[in-house]
């Protein structure tokens, strides 16, 4: 039996609150169980130096936690004067994942910055951030569409992520912090709406995992991520039509 | 007439949501008009090096903004690798203000860290942070009291802050961002429940101000801060009794 | 009785030595009691990025102490790799104060850097720095005038600063280090020649202060700053005429 | 046909030179095709703060490239004053992987630092580093054994890594730089001697990958890593006996 | 008798391996006794800001050690976030020395970066670096010549360096680490092919040295450096002709 | 003829003002021509970690320039967040030089910090700093003597420094900035009272120098440094006796 009485293949309750912060072009507060992440997407009218003069856009992400998002207070990275390895790894992951479903050719020399700030952490902050960041980014592109700055939504497919793992030799879906801290294996999986993989990162620091366990974990993730897509569609409203049309054209 | 139709001596609507984040010993989301600040107070069981072996506690504050709390996205201070002068000035101010109403002798060698994170900014973030930080800190001390770690609440008096200024030659209370960016003079005032001043910082970058204007601004601030104390009392519930008792003993 | 036998409303002896360092466009060594600050003003023929292409100039200040300006040696900020919060707060204050009496429209896209380096500290270094920085800056503008680079002195009024405070319940003027370290309240006040306020920063870390004490402190500061203007006029020589003419035009 | 005429399931030539640098307790130069990495293992007689007083050891890794290991010169991370996200990600990966086959309980409060310095890069530097680092670490533990500092080799199993990917829709083993830069999918896999997974990191930045492709890539990696184990055994000599004995005891 | 049985005026065995790393325009592994330094020269098609628009080139050097090049592991400078004073001093020395024999006017607005990375240290790393860096730089210019990017080799003369010192009151040539750590005086001398001095840096931290000892040390260095020139000529092959021609023109 | 009409073997006018700053244990303002350096020596009652528990003291130096000590304003190293290579080189040189005449065994586990801050620069700042730092350090040790903290002055000999160079093929003593910036060769020489060398650093960036020129430069330096010793003796007063006694005992 899991700590919160869930079945092994059961996600925690998901909620997304649109327009949570008023200034950003796209803003969502995503809640996954007790994990809460503010995802704000900002449009900047230029691209980083390595992308200049190619007529293409760029998407990048930043991730941070409030000092007391966790059980113990963490020192701010601004006070330490540097970003930790863990933070860099996560923000690089979010950025790569988002770019996999965006058509960079279709929104000019603009950068979408997606800021994922964890207000409260209880496991799975990076996968919650990806799931919410996709929505915030899509809303921001929706704004550009509304202003006629771009002509079509440059989103090729849906994108969501969850974690799976092995705990006491059972494979389970969507680990909360308590489970995560005891798990033998921890795997983060990012998928697109058409069922393809974008990222798959499995780690067994104290333990190792077999091919069979790998297959089981992938199966659980596929089930969970499908449910996340339903939530995303609900909150995106009319923007779904644009994504669905793009998916048909690409297939 | 002010941008949001307020009278010159009228505060914006205030709201405080207690226990906004679950991990901290004390947590409040304070909303002043469109300005929103999460104030989290954490208790650490040791003091910084310069305070060691004196049998006393310490109170310190940190302040930050989400990158897109503002109309334009700001670069994260962790990415820049250093904390800006503005941030340092504000967090030093919050810390000093909180310490003015705390009896450091009465909670052992502990540090209270109060993190003020601005989720959405519309002027007056530092004064909102002080007003909310006082509540978060008091709630955290309340937890220590409940756990019998301390025997009395080490809070000598209430503490709140607001801004006043001169705009088009009129003195006004509680400036929103639009007003603040056009004001000739900007003054932040921190007061205690017994009507004494803790900090008073007035600045006229483009302009200067007369003695009469100084008196008028102080008068407006006194009125506004009294209303903030009412809000604090409402949210602190039973902890008021402890503060009121301490006030009587000190007078 | 004060430590150095002064009356409560008495400044320490002031001295300013013009052209103390040979390279800068304007240079002054200001001595206030035992506090000594070298103020050097440098003209740079460009403005910072945020001021470009507006046809206006900029004035900024930097403040530092020699490691052994104080009783205990301080670690250099260059060795620590970062500027402290205290230093940032002070240099932002000096810059803002100077800009309040300068007409940025009248000297083209130039920056005046005013470096205030404390050689010996005995309280009141920031207010001594402001008083000396005004003279150094004015001398530097005087050089531009002499070279016909500008046509009129872009100084609208005199500017000086002093500190006041409450010590053993008495309000006193111009605190030396020993007084400052024991004071209940410490207030720095910056004023212009016409008696208006530019900055007013009062702090009671351990204590608080009443409205009456605020009024008394402001009164002492007004008296002291008037005496500082006399010193400034003496050392500025012919440049006074330009300032006086500008003051008449503005009134 | 691949750039260097290899079959899709063929590794590049592997070579390991033992005792390449004279000072470290364990030292190997590993060559995988044109990729060359110096792996030096150092024993330090203490552990990092978070591991103190637990009677256990720690294993950590650092990774760097010479500025001109690559086709274009890279700026040194010491000159930039910070370690890049990519470097942090890689050194965290190497450290985690090594710890998965080490029994931290069996070598006292010591730290093994494994430095992986890339002299020449041609794709697969992180997997070559893991394969070489395992050998350098094992040699260093062999030294402790020889000096009777420890009684048994704290290595539970062999450890090696390789990369697989999808290029022009074909799944291939051990990508060189030219292949890697064009691949649709890139996956790094770390395995132990008993055929279990330690890490599996698959990324499709521009593209995505299907479940079938995932299975094919895993199959190729299993084949390649087996060949790497043969190389490791050859160079480790007598130390194999210790590892084999530990493997039997654990099974 | 010296630790390794050398005569006082005897160099350690020297070896240089050309094209040690494949990517750089010029690459040499120089071995002086047990000291090994990889010297890689890279050509960049632009110059640093302070050299722009002068039609001239620039030569600069960087120096680093692998963490375990020494008997005790050193913390990486990238992890410390700053380059040590010793490293800066050495790389400034190498750069200055190289520029003394290069005609900056003759290769356009290009920068030659010479990276000297110490793989194994046993005394004399900075002088070995200079001797090897000269060869790597010359090979890189040779590449530009071969590609017809430049018309003549911009090298005015040979350049090599060695160390001399006083140990137990005897003056000795080319100190190994053990000798260096016990020496009373340590002097590094850089000379050109025509017997002139480029740099001469003598230090007696615990001791001092007389004029006679200075003369003896200079004499030993002159002898040793001549032998280094022979090694350089052997490895440079056909490029010698260009240098010899330039030397004749300059004399 | 030299810029300031001096003979080739003539020093600029030297002046030293004792007790220039009131707080340090030893303080001197040294003026060499137009170069002015404040040298402050501070005693700290502990040694750096690498010197602990050896019963010995340590001497270290720091060097900095005011931003406008030079003709062009320099950015503060504290603002840049790092100390330049030039600064590090100079402060390491000053520290080494001072230690060569101090008996570290004779003042307990104390550190002498000598801060050399250049107020105005006109060439030769590092040699002026050494000459002044010796006096400040000796005065600080004199204080310890007066307080009976130490029993004898731990100074073995006098120490002073000057620069020599080659300009238009003439060897000259004590170069001012204008000469220094045009010189072919620049050499800094540090000597002790008994005529021995401590440091000798000669550099010919654009040019090289012959053995004859080396001898001439050394001769000029010997002459100039003797004159500096006379100045030091005059200002040190009674402390000379202690140094002279120590010199006799050592010879």
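Labels for the chains are A, B, C, D, E and F, by order of writing; each one numbers its residues from 1.
By our rule, a residue touches a chain if its C-beta (ideal position, glycine included) is under 8 Å from a C-beta of that chain, and two chains touch if they have at least 3 such contacts.
On a predicted model such as this, the values are computed, not experimentally measured, just so you know.
> Identify the chains adjacent to both subunit A and subunit B in the sense defined at the top.
Common neighbours, subunit A/subunit B: none found.
> What is the graph distance from subunit B to subunit D, where chains are linked when they touch?
The fewest touching-chain steps linking subunit B to subunit D number 2.
> Identify the chains in contact with subunit B as well as subunit E, in label order.
none
> Is the contact between copies subunit A and subunit D built from the same residues on both sides or from different ones, judged by whether over half of the numbers are shared?
same
> What is the chain whose Cα centroid lies farthest from the Cα centroid of subunit F?
When every chain centre is compared against subunit F, the largest gap points to A.
> If you average the CA atoms of subunit A and of subunit E, how many Å lie between those two points?
52
> Starting from the mean Cα coordinates of subunit C and subunit D, work out the distance between those two points in Å.
Those two chain centres are 60 Å apart.
> Distance between subunit E and subunit F based on Cα centroids, please, to the nearest Å.
That gives a centre separation of 29 Å.
> Please output the residue numbers of subunit D that touch at least 2 other chains, ranges allowed.
Correct list: 81-83.
> Output the ring sequence of chains, start subunit A, direction subunit B.
So, from subunit A then subunit B onward, the ring reads A, B, C, F, E, D.
> For the complex, which residues does subunit E have touching subunit F?
Its residues touching subunit F are 82-86, 88-89, 91-92, 96, 99-100, 187, 192, 194-211, 214, 218.
> With touch defined as at the start, can you tell me which subunit F residues reach subunit C in the complex?
Residues of subunit F touching subunit C: 21-24, 27, 34, 38, 40, 42, 44, 62, 64, 66-71, 73, 76-83, 87, 113, 115, 117, 119-120.
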